[in-house]
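Next come two complexes, and both contain chain A; in the first it sits with chain B, in the second with chain C.
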Partner chain A sequence: MSLLSVRDLSVSFRGPGGWVPVTDRVSFDVEAGTTVGLVGESGSGKTVTALSAMGLTRAQGARVTGQVLFDGEDLATLSQRELSTRRGATISMIFQQAIRTLDPAFTVGEQIAESVRRHERVSRKEAWRRAVEMLDRVHIPRAAERAAEYPHTFSGGMCQRAMIAMALACSPKLVFADEPTTALDVTVQARILDLLREIQRDTGIAVVFISHDLGVIAELAQHVVVMYAGQVVERAGVEELFLRPRHPYTAGLLNAIPAVGRGRRLISIPGNVPAPGAMPPGCRFHPRCPHGVTGRCDTGPVDLVEDVRCVRSGEVPLLGIPTPAGARS
Partner chain B sequence: MSLLEVEGLVKRYPVRQGFLGRAREWFTAVDDVGFTAERGETLALVGESGAGKSTTGRLILRLVEPDAGTVRFDGVDVRALDQPALRTLRRRMQMIFQDPYSSLDPHLPVGESVAEPLHVHFGMSRGERLRRTAELLDVVGISHDVLERYPAELSGGQLQRAAIARALTMKPDLIVADEPVAALDVSVRAQVLNLMLDLQRELGLTYLFITHDLSLVEVIADRAIVMSGGRIVEQGRVEEIFENPREDYTRELLAAIPRPIPMSLRGPAPQPPAVPADVPEQPLARVEAGKD
Partner chain C sequence: MLKLVGRPLLALVPTLLVVTFTVFLLVEIAPGDAGYALAGENPSPEVVEAIRQELRLDEPLLQRYFEWLGNAVQGDLGQSYLSNQPVSELLLQRLPVTLSLGVLSLLLAVLAGFALGILAAFRPGRLVDRIVTAVSSVMLAIPSFWLALVLVLIFAVSYAVFPTLGYAELSEGAGQWLYHLALPALALAMNPAATIALQLKSALIAEEGSDYLMAARAKGLTAASLMFKHALKNAAVPVVAVLGFRIAALLGGTVIIETIFVLPGLGLLAQQTAMNQDVPVMLGIVTVTTLFVMAVNIVVDASYGLINPKLRGAR
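== the complex of A and B ==
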């Protein structure tokens, strides 16, 4: 049994003219100790899926259907009170803007200690000791001193480390990492990705890594779930996905990564993700798809068949990354 | 003559103020920076946050006053100009910022923001402004209905295109682009970079492209200047820097670029080709430099 099994998760928000569906029957599994990359452009429904899996959109009045089976328990049926004992303790989340997620009025150590005391019956002193230990573990130098400092004295990368320390302080089994490196410098990003790999190796935590950038996904994930306009459009192992993408959107995302070979134009995906409530008929990607065919792609809903949502699956040649390590030369 | 010549540029900020506001300590944000940019080329300024690259960009436009050094734009000493002359010269040097959500006025329809410089600098009539704005939106590839809409209604990619259109209203020679795609999705990033490349070819623009991400430099720039701690650590042609970086710092920046290759497929051992040879439809811009 998978550690996390998201089944047909659909989320709607109340709009001026009634309920607006934002995600549509999203399903994927996460095995213990592995990393799943959840990838797609802004507006694909990645964050809503993660927040809903943690019961956080229900708290805001969203309508959520489907199952979120975590460790044999359906989180979607739990009350907010029951969920709050799980969040942070067994399932946790890291956000993009770490500096905005930390409370500027409390020291970094206090905030980590508080999350420990929320879930475990430990003394203040013990909770503080754990906070310092966690900061040390995420490689914040002079952790004991830094724990007593306020978030504004931390750089962007340091804040993200503190955020990771907080998310992991109660040894959860799974963490959702929502674009945790997007706001950071490339060099800092590389160090945070190293840190996540190291923690996963040491603790066996499962990670759902959310990003718009397949280049970052390649650094961490074993499995990839590609989302577009609120739907899963492709699921595959990471090697399979990069070498042989089966959905034109996946191929488009791969092609858009800036070149390491110079002088050639980037291949962009024209247009924008459609807004919720204004989905085109048929395949939601067809207006932007280089392989869209009138009469086939623009009629009727397209189902996810064998982990790909494309009526022309297998008909059109899609190019993945070249096989690495100079095998062609 | 180079379009832009920068020499010995210095900017210091006081970090601690003493009695009567006299500075006790100084932080040197830009320390003896000098370079030239030729007409029609793209020069990248690369480095981490705090390296002094944005400040350098602002010093060139005199959005921030330098403490020392000279900036010559098309032979004119920018530091010697009075405010009216500087305003006139700035028509030819425009800036694009990282966050398109904050660089366009949220209370104005996008069309107004794009047209505003035409009014301010050229005193064009309303009709002329509308016509020119519509032309510019065509150039950057956004539909005209955007004119009436507010920034909050547009996507990041559309807004950044609008910001580029606004910068182009003045028919500038130089555009200082400060992390223009850092806030955008990878797919949209490609759209905006391609647009910048097209505009450069058509209009002969010179770009000073400021970024922390060397992978973008390879796509867009001819030459690069690597900065750290306010100083230039390395500069040269982009191919040279990528193939033969001289400084450890540059190597570190290069190593930090995420490689779009799954971890399990990396490693020293050559892999057998797994992509069937008959599939290539679009060339994939990446990895094996210049070989097809």
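== the complex of A and C ==
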């Protein structure tokens, strides 16, 4: 059995004219100790899916249906009080804007220790010791001193390291990493990715890595879930997905990865992700799809069949690329 | 810390000069003078002139001002025209009453304001929030003297729960002290309580959507911990700023409230001296009040640093 099994997770938010569906029957599995990449443009529902799996959108008043089978129980049926004992303890989350996700009014150490004390019966002193240990673990220099400082004295990369330390302080089994490197410099980005890889190697934690960048996903993930406009459009192993994409949207994302010295022209996908509540009929991607056919793609809703959501699957030749990791070795 | 306290202390000197000189000037411009005020009804011009000579009101304004200033710097605030009592003695007598009233109403305002603000912020837009917002808006619009009179009508006249006027010192027992101060403190607290409630509510709601609260929830904190520990500490910054202004306004309010309830504090004294043109006492009150407001400002500024670490400056 998978560690995490998201089944038909649909999320709606209350809008001015009633409920607006944001994600539609999202399903994917995460095996213990592995990394799954959740990829798609902004607005495709990746973050909402992760937040909803942890019950965090329900806390904001969203309507959530479906199952989130995690570690032997369905998180979707738990109350907020019950969920609060799981969050941070067995399932955790790293956010995109680390600087804004640390409370400016408390020291970094206090915030990590707070998480430890919430889930484990330890003394204040022991919790503080653990906080310093975690900061050291994520390679923050002079961890004992820095723990007593406030987030505004930390750089962006340091904040993200502190955030990672906070999320992992209680050794969860799975962590959602929501674009943890997007807001950072490229060099800092690479170091944070190294850190995540190192932690995963040492602890065997499962990671759901959310990104709009397939290049980053290729460096970390074994499996990839591609989302578009609130739906899963393709699921595959990372090599398979890169070499033989089966959905035109996946192919589009692959061709948008910048590659140095490979002489490949960068092709962006024209248009934008449709807004929730304004979905086109039929395949949600067809207005932007180079292979769209009137009468077939724009009629009924398209189901996910054999891990791909495309009526012309197998009909059109789609160009893959070698995974960046494979190209390097 | 030195910067935080030192700068406002330097600003104190010109402020005090301007404020005291303005009082001198206003008394000069105002019709009549202490001569008339002290001479009784239908005085002969000779009597008035004699009093003026005695008080040296015939000397030029600037000369009198600098004379007063010279003495004040040495701690001598002069004597009351009316009673010949030293001004500093008079002030020390009256100050505890006003402080009692001020501290009590401030305490009431903070307690009620925070309770109402938090209550409303828990469920924004729901019934509780609407009631709190409506009540606070009404409380803001009601002047304290009107409220004082209504309170007296209800709780002192119709139901004799509290006295209509008078004061008991704390040394006569906390019960008596509170018994006499309850209505005036309530009347005075209403306005700042409403301001705090509305400010805190909107500050808390603004914090509610912030990323750090989402992250704090994601690490397993409970709703109560999110609200009372994290959101409240961040929302307190603008509220403390407002509190500083309200304390100064509160001091102004004591003049009216002390007059209504005949509480022998600085406010009542200020009202009486203004009627009698008792300039030395007036100057004493103004000096003490200015010092007090400046002190409050320093405390408020310093407390920002305690709440908001960013203002503590780089270490």
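The working rule: the second predicted complex is superposed on the first by the 317 of 329 C-alpha atoms of A that agree within 3 Å, B and C clash if a C-alpha of one lies under 4 Å from a C-alpha of the other, contacts with A are read in each partner's own complex, and residues count from 1 in each chain.
Definition applied: a contact is a pair of C-beta atoms (placed from the backbone, for glycine too) under 8 Å apart; a residue touches a chain by one contact, two chains touch by 3 or more.
For clarity, every value in this text was computed on a predicted model and none was experimentally measured.
Visitor: Sharing chain A, do chain B and chain C clash or fit in the superposition?
Guide: With chain A as the common anchor, chain B and chain C both fit in the superposed model.
Visitor: Could you say whether A:88 touches chain B, chain C, both of them, or neither, answering first, second, both or neither?
Guide: After superposing on A, A:88 lies in contact with chain C but is clear of chain B.
Visitor: When both complexes are superposed, which of chain B and chain C contacts more residues belonging to chain A?
Guide: Of chain B and chain C, B contacts more residues of chain A.
Visitor: Taking C-alpha centres, what angle do chain B and chain C open up at chain A, rounded to the nearest 10 degrees?
Guide: 80
Visitor: Thinking of the overlay built on chain A, is A:66 touched by chain B (first), by chain C (second), by both, or by neither?
Guide: Touch status of A:66: no partner.
Visitor: Would you sort A:54 into first (chain B), second (chain C), both or neither based on which partner it touches?
Guide: It touches chain C, and chain B stays clear.
Visitor: For A:102, decide between first (touching chain B), second (touching chain C), both and neither.
Guide: second
Visitor: Have a look at where A:245 lands relative to chain B and chain C in the superposition and call it first, second, both or neither.
Guide: Touch status of A:245: no partner.
Visitor: Tell me the contact category for A:150 with respect to chain B and chain C: first, second, both or neither.
Guide: second
Visitor: After superposing the two complexes on chain A, what is the shortest C-alpha distance between chain B and chain C, in Å?
Guide: In this superposition, no C-alpha atom of chain B lies closer than 10 Å to one of chain C.
Visitor: Overlap of the chain B and chain C footprints on chain A, residue-wise?
Guide: Common to the two interfaces on chain A: nothing.
Visitor: Please name which positions on chain A make contact with chain B in the complex.
Guide: Counting only chain A, the residues touching chain B are 41-43, 155-156, 185-190, 193, 212-216, 218-222, 238-239, 242-244, 252-270, 272-273, 317-329.
Visitor: Quick one: in the complex, what on chain A touches chain C?
Guide: Going through chain A, the ones touching chain C are 51, 54, 56, 59, 80-81, 84-89, 92-93, 95, 97, 100-107, 111, 114-115, 118-119, 150, 152-153, 163, 166-167.
Visitor: So in the complex, the part of chain B that touches chain A is made up of which residues?
Guide: Chain B reaches chain A through residues 48-49, 155-158, 185-191, 193-194, 197, 212-216, 218-219, 238-239, 242, 252-253, 255-275, 278-291.
Visitor: Hey, which residues of chain C end up touching chain A in the complex?
Guide: 210-223, 230, 233-234, 307-310, 314-315
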